[in-house]
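Take a look at the structures listed below.
Consider the two complexes below, in which chain A is the common component and chain B and chain C are the respective partners.
After this line comes the complex of A and B, so read on.
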C-alpha cells in the first residue's frame, strides 16, 4: 500500500559507490577540521618527499645496464650490478648452462603455491597430490639424473631456487607432522598426549636457528652413520619439526571450534575414530584453520632466510656473493634492495591473500 | 556379537599397546642416540662433562656489559652472552611495545594520512625477513666511515661506522640496566594498580626522571659532571656512551620489525572493542583522547596481552640473529665455544635450557599480567 507513495525519482537514486564512500570519508576525516588539515599536509608532505627521494635515486638517476657501469654516480642507483649478477643471485652456484632447469623448477613451486590458493583445490587429497607433484617436479629437474640430464647434487643448489626448495619441503613435510602432533595432543591416552605436549612446547620455546644448528651440527653425533643423510635433509627435517609444532597449535585451534556433539554423533552412528576424523571433523578443522595456516606458511617463507647462518647458499647468501668482488662492492645497497624486493613480493602477496580469505570467511560465518 | 564388556576390554588393551609401543620406541631412540654419542665421542677422543666451564677461553668477542678479558672462564663468557641476550631482548621488548602501541593506534585512526603512513610502515617492515633487515642495516652502518665523517645530531650525538656516540648519565652500564629494570617495574606496577593512562604516564615519567637524576648524582665518578657528552677530539670521540655498531644495528632492526608486528596486534585489539562502548563514551561527552585512554585501551589490553606475550618471547629468540652481524649474544658465544672447546652436547644443552627458562618466565609473567587485567565477573 505504501508502494504508491514512492516516486519513481526516489527509486532511481542509487546507493553511493565504494569510491564515493571512500572519497567522502577521506574528505571528512582528513580535511574536516583545521587540525586534520594541518596533519594531512605535514604527513602527506613527508610521505611524498620520501617517495620522491627514493624514486629520484632508484629510477630517474639510475643506471640500468652493465655496459654503462662507468656512469654510476653518487646520486643514482646502479642497477648494473643486478644486470650483471642476477643469475648468481637467483641460481647461486648452479651450473650456468643448466639455469633453465632451475628456472622451471622455481616456476613449479610458485605454480604449486598459486594453485593451492584456488578454492577448487581445498581438499586434503587434492592439496596433497598437488604439493607432492610440484615438489617432485622440482626435485627431478634440479637433481636431473633421473631425467637423463647432467646430475647436480644439492650442494650445487642455491639462490632463489634453494629458498623456494626449503620452503616447499618444510611445508610439505611439516603439515602432516603438525596434524599428527595435534591429534596426539588431543588424545585421551595420557602418555601419548604428554609426549606431544613436551615436544610442541619445547620446540616452540627454542629459537629456530638453535634447532637448525642442532640439526646441522649436533645431530650427526647422535646418529649412526647410515642414518646421517645430507646436511640439507637434516636441516629440512629440523625446520619441518619446528613448523609442525606451530602448525599443531593452529590445528588445535581448529579442533576447538568443532562442537563435541559432532564426535558423539559420529560415534552413535557406529563410525570408528579414523572415519569420524576424516569424514566429519578434519574437513571442518581445515576450514577453520585456513587463515592461520596461511599465516604460518608466510612466516615460514620469511624464516627460510635463517639458513644463511648455518651456511646454506640461499638468496641472501648469494646476494652477498654478488657484490663480493671489488668492482661490485660499492653497490651492496642495490643488491640488498633487489633481494628484499623479491622476498617482499612473495610475502606481501601471500599475506594479502590470507587477509582476503579471513574477510571472506568472517562474512560466511555471519 | 561381542558384548559391551568385551569391546571395552579390547579398547583398553589397544590403548595399553599403543602407549607401551610409544614408550618403548622413545626409550629405544634415546638409548640409541646416547650410545651413538658415546661411541662417536670416544672415537673423537673427547671427554664429556661440564669441567670445561672452569677453563679459560682465550678468544675475544664484540660486546659485554660487564668487565671481561680473554682469560675469562667459559662459565663467565657464557654468562656475558646470556646478559647480552637479555639486555638486547629487554630493550627491544620495551621499544617495540611503545612504538607498537603508537603505530597500532595510528593504524586504527580514521585520519587517512595518519592511517596511510602507519600502513606503509607496517607493510614494508613486516614483509621482509628480520635477518635481511639486520644485515642490510649493518652493511649501511659499517660503510659510514670513521669518526671524522660522522653524522652529527646537534653536536651531542654522532653516528659513524665505528658506532653510535650518545650523551648520557655518567654511570656504569650495570647501574643503567638496574635503572631500566626499576623503571619497567614501575610501569608494571602502574598497570596492575589500574592507574588511569595519562596519570600513570605522568607518574612513570616523573618517577623515572627523578630516580635517574638521583642515581646519576650519587653514582657518578667523584668530581665529574652529571652528564657525559661525546665530542670529537683528534681521530676519536671522548666521553659519551659508545654503542657498538653491532648492538645498534641489532636493536634497531629488531625494533623496526617487532614494532610492525605489535602494531598489528594492537590494531586487532583496538578494532575488537565494541562500537557501543565508544559511542557510550561519546554520549557522556568524553574527549577522543579520553575515549582512547579510558575505554579503548583498557578494553583492548585484555585481548592484546596474550599475543603480546608471544611477541615478547619472539623478541628474546630473535636476538639469536645477532650472530649474522657479529654481535656476541648467547647463541654467538655458544657457537664459538663449541668450535673452540668441542663440548658440543653440553653447550647445546645449556643453550636450550636457558631459552626454555627465559621463555617460561616471560610466559608466566604475561599469564599473571593477563589474570590481573581480566574483568572481574560478579
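After this line comes the complex of A and C, so read on.
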C-alpha cells in the first residue's frame, strides 16, 4: 500500500500505543471501583513509605566520606565504609600501588565478554582469537612479571576483578566443553556415549563445593608437581567442567527439539556430519537452549562466590573483609548493599542481553 | 705434610657435617632458596588475628607473628606472602606445601598432633571462656555475680563450663540458655542478663564492634578454661619447629628484658646482661645453632617489636578490642607465657 492511500479515517483507527494501553489498564483496574481505589491507595502508601524510609536512610541521613565517620549514627547509612574500603572490595588484597593493573585487567575481561556477545564475532576463529587475547591481557596485567612489572601471585588477586575473571573463564571454557559433551552423548559409538554419560552424571551428582575443594586442595596431594599448575587454573578447570556438565544437558534439550527428519534431509542432500551440525542443527539448538543457557550463566555468576571456601578473595569475601575490622564492623549492611548493587548491574545486563538475543532469534521464526 | 693437611681437612669436614645436618631445617632452606615465606591468611577476616587494613595490607596478631618469622629467616618482614585459606582448607594446604606454616588461631589438639601429621610450636596465645558483664554493676570477678542472671548459648561446652565453674566457686545464679549467639547478645544488651559467657577474644570483639558504648561493659578476670593456640607445621622437620619456637621465645625474652622496637639498637650497643647480649647477637650463639644469622632476633624485634608490642597493637590496649593480657601475660606478671632458657 502506498503512503498516499492512508486517509485521515485510517489514522483515527490506528491502534493505541503500548503506553496508552498500559495507562488505560492501570486506571481501569487500579481505580475502577471504590474498593479498587482503596486498595490502590493502601498499596501505594506502603510502597511509598518503604521507598521513603529507604531513601531517608540511604541518602538524606547518610554520611558519605570517610573523614566524617564520627557523624555516622543510627538513622542513616554510613557510606564512609565504602569510601574507605572500596578498593579492598574491588581489588581484594592486590597491592595498593598496582590497582591500575587490576582495573585494566577487569576492563579487558568485560570487553572480552561484551565483544563475545556481538553477533559479528560469532565465528570459531574470531572467538578463539578474542578469548586468547582477552585472557592473556588479563593474566599478563595481573601477574605482571612477563611485562616487567612487579609480580603479583594469584594469592594476591581478588575482589571484583577476580570474580569477573572466574566467571568469564568458567563460562567461556565451559560452553564449548558442554557442547562437546552434549555431542558425545548423542554419539552412536557406545564407548563415547557412555564416557559422556558417566562424566556428566558424576559431576552433576557432586556438590560444587566438593568439586572445587578437590581441585584446589586434594589434587596437589597426589598430582606430580609439574602437572599441578597454579591453584586458580585447577579451580577454573574444575568449575568449568561442572558448568559444562549442566550446560551439556541444556544443549541436549535443544537437540531433542529438532525433528529427526532434518538430519535425514541433510544426509539426503549429501551433506557431511559437520555440515549438517553447523549449518542446520546447531543454530536451532542454540535458539531452543537460549533461555536455559542465560539462566545457567546468571547462576554461575552468583556461584563464583563459593570460591571463598578454597581461599579466594572474590568480591563477597573481600566485602566481608572490608567490614572485618573493628572500625568498620558496624557498617556491614552498607557493604552488602554495595556488593549487591555490583552483582545487580552485571546480572541485570546479562538478562537484558538474553532478551535482546531472544528478540533477534525470533526474527527467524516470523 | 700434604697427607697431614688432607687428614685434618677430612676430620674437620667430618666434625662439621653432622653439626650442619643438625642445624639445617629443610623448610628454612626452602624458604631461603625461594626468598619468600608462605604464611596462612584467612578468606575474610578474623578479628584481631587476621584483618586487612585500609591500604589492603594484612594485619593482626597472627600476621605479625608471620612477619616476625619472616624477618628471622629472611631478614625482611615484607618478604612474606599471605595465602588466604579457609578454616577447612588450612591443614591440607600445609601438607601440600601451599604454605610453610599455619599461624591462624589454631588450637593444639591431640587429633591434629597425631592423626593429621602436624607438629605444634609452643603456645603463643591462650584463649579461654570468660564472662562479660554490664559495667554499671561495678563488678570485676565472677564471685560478684551472686544472685545474678547468666546467659549462655545452649548446648555448647561453654554452657557446661560456666555452670560447673559457678557451682565450684559457690555462686548462686540463674542460668538462661539461648539458641544462637545473636539471640544471646541481644538478650544481654536488652538487660535480660547480668552477664554472659563466651570465648575471651570473641567477647572482646563483640564489645568493641557491636556495642555502642564499649566502656560500659567489662570482661571479668576469671578464666573458666584455656585453649592453647600454636603455630602448626608439617611433621618431620624438627629444625623448623626449633626455629618457630625460638622466634616466639625471642619475642618473650625481649619483653622480659624490656627490649622494644624503639630501643633495640641502644640495647644492642650497650647490652645490660649476657642474656640480652646473646639474644641480640652481640655475642654469638643465636644464629649458628639454628642455621641463621646471629642478629636475626635483633632484626626481628626492630621490625615488629617484642611480644607485648605485638599483642597490644592487635588485641590489647592499643587496639579497639582492649583485651586484657590475662593468661597471655608473662609468667612474671601472672600469665602463663614463658620462654625456654637461653643458654
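Assume the second predicted complex is superposed on the first by the 306 of 366 C-alpha atoms of A that agree within 3 Å, B and C clash if a C-alpha of one lies under 4 Å from a C-alpha of the other, contacts with A are read in each partner's own complex, and residues count from 1 in each chain.
Quick note on the criterion: a residue touches a chain if its C-beta (ideal position, glycine included) is under 8 Å from a C-beta of that chain, and two chains touch if they have at least 3 such contacts.
Everything numeric here is computed off the predicted structure, so don't read it as measured data.
The superposed arrangement places chain B and chain C in clashing positions on chain A. When the two complexes are overlaid on their common chain A, residue A:213 makes contact with chain B and with chain C alike. In the superposed model, A:47 lies in contact with chain B only, and not with chain C. A count of residues in chain A touched by chain B and by chain C gives the higher number to B. In the superposition on chain A, A:21 makes contact with neither chain B nor chain C. In the superposition on chain A, A:114 makes contact with neither chain B nor chain C.
Contact with chain B, but none with chain C, is seen for A:340 once the two complexes are overlaid on the shared chain. Look at A:205: by the touch rule set out above, it reaches chain B but stays clear of chain C. After overlaying the two complexes on the shared chain, residue contacts for A:325 are found with chain C alone; chain B is out of touch. Contact with chain C, but none with chain B, is seen for A:93 once the two complexes are overlaid on the shared chain.
Legend: residue contacts after superposition of the two complexes on their common chain; A:191 is shown touching chain B, with no touch to chain C. Taking the listed stretches 40-48, 130-138 or 184-192 of chain C in turn, the superposition on chain A shows a clash with chain B for 184-192 alone.
Across the two superposed structures, the residue set of chain A contacted by chain B and also by chain C is 213, 217-218, 220-221, 308-309, 320.
Residues 84-85, 87-88, 91-96, 153, 155-156, 158, 213, 216-218, 220-221, 231, 308-313, 317, 320-322, 324-327, 329-330 of chain A touch chain C in their complex.
Residues of chain C touching chain A in their complex: 41, 43-47, 51-58, 81-86, 88-89, 92-93, 95-98, 205, 208-210, 319-321. Across the interface of their complex, chain B is touched by residues 25-26, 29-30, 36, 39-40, 43-44, 46-47, 188-192, 195, 202, 205-210, 213-214, 217-218, 220-224, 302-303, 305-306, 308-309, 316, 320, 332-333, 336, 339-340, 343-344, 347-348, 351 of chain A. Contact residues on chain B toward chain A in their complex (touch as defined above): 15, 18-19, 22-23, 26, 32-34, 36-37, 40-41, 110-114, 116-117, 120, 123-124, 126-133, 135-136, 139-140, 143, 313, 317-318, 320-321, 323-324, 331, 335, 338, 344-345, 348, 351-352, 355-356, 359-360.
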